[in-house]
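Structures for review follow.
The following pair of complexes shares a single chain, subunit A, combined with subunit B in the former and subunit C in the latter.
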Partner chain A sequence: MEYALEATGLCKEYPGFTLRDVSFALPRGYIMGLIGPNGAGKTTVVKLILNIVRRTAGRIKVFGLDNLAAETEVKSRIGFVLDEMPFYGYLKVDAIASVIAPYYKTWDSGRFEGLCREFELPRRKRVNALSRGMKMKLALAVALSHGAELILMDEPTSGLDPVFRRELLERLSGLIQDGRTSILFSTHLTSDLERVADYITCLREGELVFSTTRDEILEKWALVKGGPDLLDAATGGLFRGVRRGPYGVTALTSDKEEALRRLAGRDAVVERLRLDDLVFFLAHEGSPGREARYE
Partner chain B sequence: MSSPAIAAFRKDLRITRVLWAPMAFSYVVFLLMFMNNVWIYLATGACLAFVAAATALGIDDRYQTGPLLAALPGTRRSLVAGRYLAWGAATLAGLGLFLAWTSLALPSFGLRTARLASFVSLKGAAAFLIGTVLAGLVFLPFHFRFGFWRGMWLFTAAGFVFSAAGLGVIAGLVPAEARALASASLLPKPFAATARGLRAFAWLIDGYFGRPAVVGALAGGLALLVYLSYRLSARFYEKRDL
Partner chain C sequence: MLKILRLEFLFSRRQLVITLSIFSAYFSYMATQIRSPRVFIVLTSVMIGVAMPFLVLAREDKFKTASLICSLPVRRSTVVLGKYTATWGATVLGLGCALLLMAVFPFSKIPVGEVLTVKSLLITLFLISLIFAVILPFTIRFGLVGVIVLLVGSQVLGILALLITHMLRGAKDPLRVFFLPFQKGLKALFYHETTPGYLLTLLTLIIAFSAASLFISRVLYARREL
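Here is the complex of A and B:
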């Protein structure tokens, strides 16, 4: 299988935060969602791929090329949207394109103009006068104007209205139809990923929780709901996160088959998982003191 | 020169373009204010060229564009090369404006500016460049290591210390009469030493900076410093997280 992106043993140490031994691979022509609670290391991973921050250890390959050894070539084939896209506020939209275009040999001005029209971006308006959503659209237009084969997006849908968000997701799905474009997409809005992502990589506190296909997650992981007696010896070790409420317990399992087997005949329901449940429970996985609670 | 470095250079020109006219206007107004003292006139021109060259860096700091620029095609080294190119272009533009304005001012202001005529020469250009280029070559590594504002503060602090030391050395190289101060007794001792160094430096400029051999040697020395400063900046910037 040909990979658009391979990260192996990625480490980055900051004061107060460490990204530890993160490995994942994104096959060419697919969309991968990067999920996890705040401070999980999603933005750090995107920044490491773009060499905005220096890795402490590990290796990143983009289309088989080391992202540091072949930095210029690798970046020429990447389109990116950063969480906070720092454009020059006093420049007009057109001028932003004229600043960025010389960096890309394959920059297509006609395509940029077309995307501005499609996104209803006023090209004569200064960036300072654009809303956060419009700035995000500008970042997207820039990212999509040079025929990038790998698109990295850090929280691209935050600040966008639901209509454009939906349109963007459809566009992203459309982009990969050529079989050559791949997308790595970090987001808090996991419902977006359920629509479009083929692969999901989950991080928590700088560590990889899993990196696998969306279908496998939805097949193997599940939510279990039951009474207060759900947590007993028979279900020991089955759950990776537990939420206790006044009327019962909701728990996350990574082995749906095993849960069904062990809970057969008991008053419990095994439900289909949503990705936001997954992030919520994994954020509280571990000691009982960190259990998710609701009152 | 790699194409990402050229793109970075063009970027600096593009983002400062809106300021060229006001900067040029301010430049001539400031020069006009200091026409009565040729050395202050020269120093003002050189300092303003430094400020003009640093403007692009200030804009990038204002909008925190470091991560965006680092993510664009190219290496940290090419970003540094682009900065050095832009710095050089701004310095040369400052020199051009300085010489052009000084030439234009001469006929208009007559005798008051008679001594300025000596600056429209190889000597004037060399004196102007030695100040601005040296300052830039020292400042840029600070900038790439510490960022714009912290780098500027550290550069200023280091600049005071090393300028005072350098001027002290220069004062020791020239004859006593060339560094004598008319009112030395009025100045505290450390300032008097610096003032003597400045007088000695002015004497050196007057006497030697017009000689092609000296200018050639200065150009060679500056070229070596450009290389060392660039290598240091690139090394610093490659290690920085943005």
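Here is the complex of A and C:
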């Protein structure tokens, strides 16, 4: 299989935060969602791919090329949307395009103009005067105007209204239809990923929890709901996260088949998982002190 | 690199116009007050040497645009080279402005003939390259805050040096003791006989300081986390 992006043993140390041994691979022509609670390391991973922070260890390959050794070539094939897009505030939208365009041989001015019209971007307005949502649209227009083969997006849907969010997700799905464009998409809004992502990579506190296909997650992981007696010797080791409430217990399992087998005949329900449940429970996985609270 | 230069120009043009306007007013006033070409050269060099790095580099710091530029397909070393070229470009504009005013301003008291010599111009560029050699790597690595820390730190060290000098020697004018090496250095520069060897040495030193500063800045910028 041909990969657009391969991260192997990625490590980055900051004071108070360490990204440890993160590995994942994104095949060409697919969308990967990068999920995890705040401080999981999602933005760090995106920054490491762009080499705007230096990795402590590990290796990143983009289209089979090392992202450091072939930095310029790799970046010319990447489109990016950063969480806080640092545009030159005094410049107008058109001027932003004119200073960025010369860096890309494949820049398509007509496409940029078309995207500006489609996104209703005021091209004569200074970037400083744009709202956060509009700045995000500008970043998207820039990222999509040079035929990038890998698009990196760090929280691209934050600040966007639900209508445009939906349209953007449809556009992203459309982009990968050519089989050569791939997208890595970090977000808190996991419902967005349920619509478009083919692969999900989950991080927590700088560590990789899993990186696999969305279908496999939905097939293997599940929510189990039952009475207060759900947590007993028979279910020991089955759950990755537990939420206790006054009327019962909700738990996350990464082995749906095993859960169904062990809970057969008991008063418990095994339900389909949503990605936001997954992030919520994994954020509280571990010691009882970190158990999810039931409101 | 031309792409970086264009970007820097577009981004800094407004500040450049404002700075050059302030400089014009300042140099016009100074030209009416100063008779010594040597004092004019030193003052001009210090003004331009400190102001131009701020003009070009502080904008990036203010808008945090380094992560944008470093995400584009361009080497960081090229980015630094672009910044140096832009700073020197702004410096040449500033110098041109100062020299023009000194020459054509009707109330100017400075003897133009003594300033517009190869020796004077090389001394000016030498002094500016000395200031750039310190300030540019600092600004590139630590940003505007770094330069402010550097300048304030230098002042604190200066005050400490004055105090120590005063306490140890009981000198009446410790400021003189502190600035004596600078004074001697400047005198040596200005009063040295103008020989081809001397001019060549000055030119070599300008290139050497600039090259060393550029090398250090490139290393620092490559290590910068954005």
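The rule we apply is simple: the second predicted complex is superposed on the first by the 294 of 295 C-alpha atoms of A that agree within 3 Å, B and C clash if a C-alpha of one lies under 4 Å from a C-alpha of the other, contacts with A are read in each partner's own complex, and residues count from 1 in each chain.
In this section, a contact is a pair of C-beta atoms (placed from the backbone, for glycine too) under 8 Å apart; a residue touches a chain by one contact, two chains touch by 3 or more.
Since the structure is predicted, the reported quantities are computational estimates derived from the model, not experimental observations.
Sticking to the clash and touch definitions up top, decide whether subunit B and subunit C on subunit A clash or fit.
clash
When the two structures are overlaid on chain A, which partner does A:Thr72 contact: first (subunit B), second (subunit C), both, or neither?
It touches subunit B and subunit C both.
Take the contacts of subunit A with subunit B and those with subunit C, and give the residues found in both.
Correct list for subunit A: 47, 50-54, 71-73, 75-76, 80, 82, 84-91, 95, 99-100, 102-104.
Name, in rising order, each residue of subunit A that touches subunit B in their complex.
14, 47, 50-54, 71-73, 75-76, 78, 80, 82, 84-91, 95, 98-100, 102-105
How about subunit C: which of its residues touch subunit A in the complex?
Of all residues in subunit C, those touching subunit A are 3, 6-7, 10-11, 14, 63-68, 70-75, 223, 225-226.
For subunit A, which residues are in contact with subunit C within the complex?
Subunit A reaches subunit C through residues 47, 50-54, 71-76, 80, 82, 84-91, 95, 99-100, 102-104.
Can you list the subunit B residues touching subunit A in their complex?
My answer: residues 2-4, 6-7, 10-11, 14-15, 18, 59, 63-68, 70-76, 78, 238-242.
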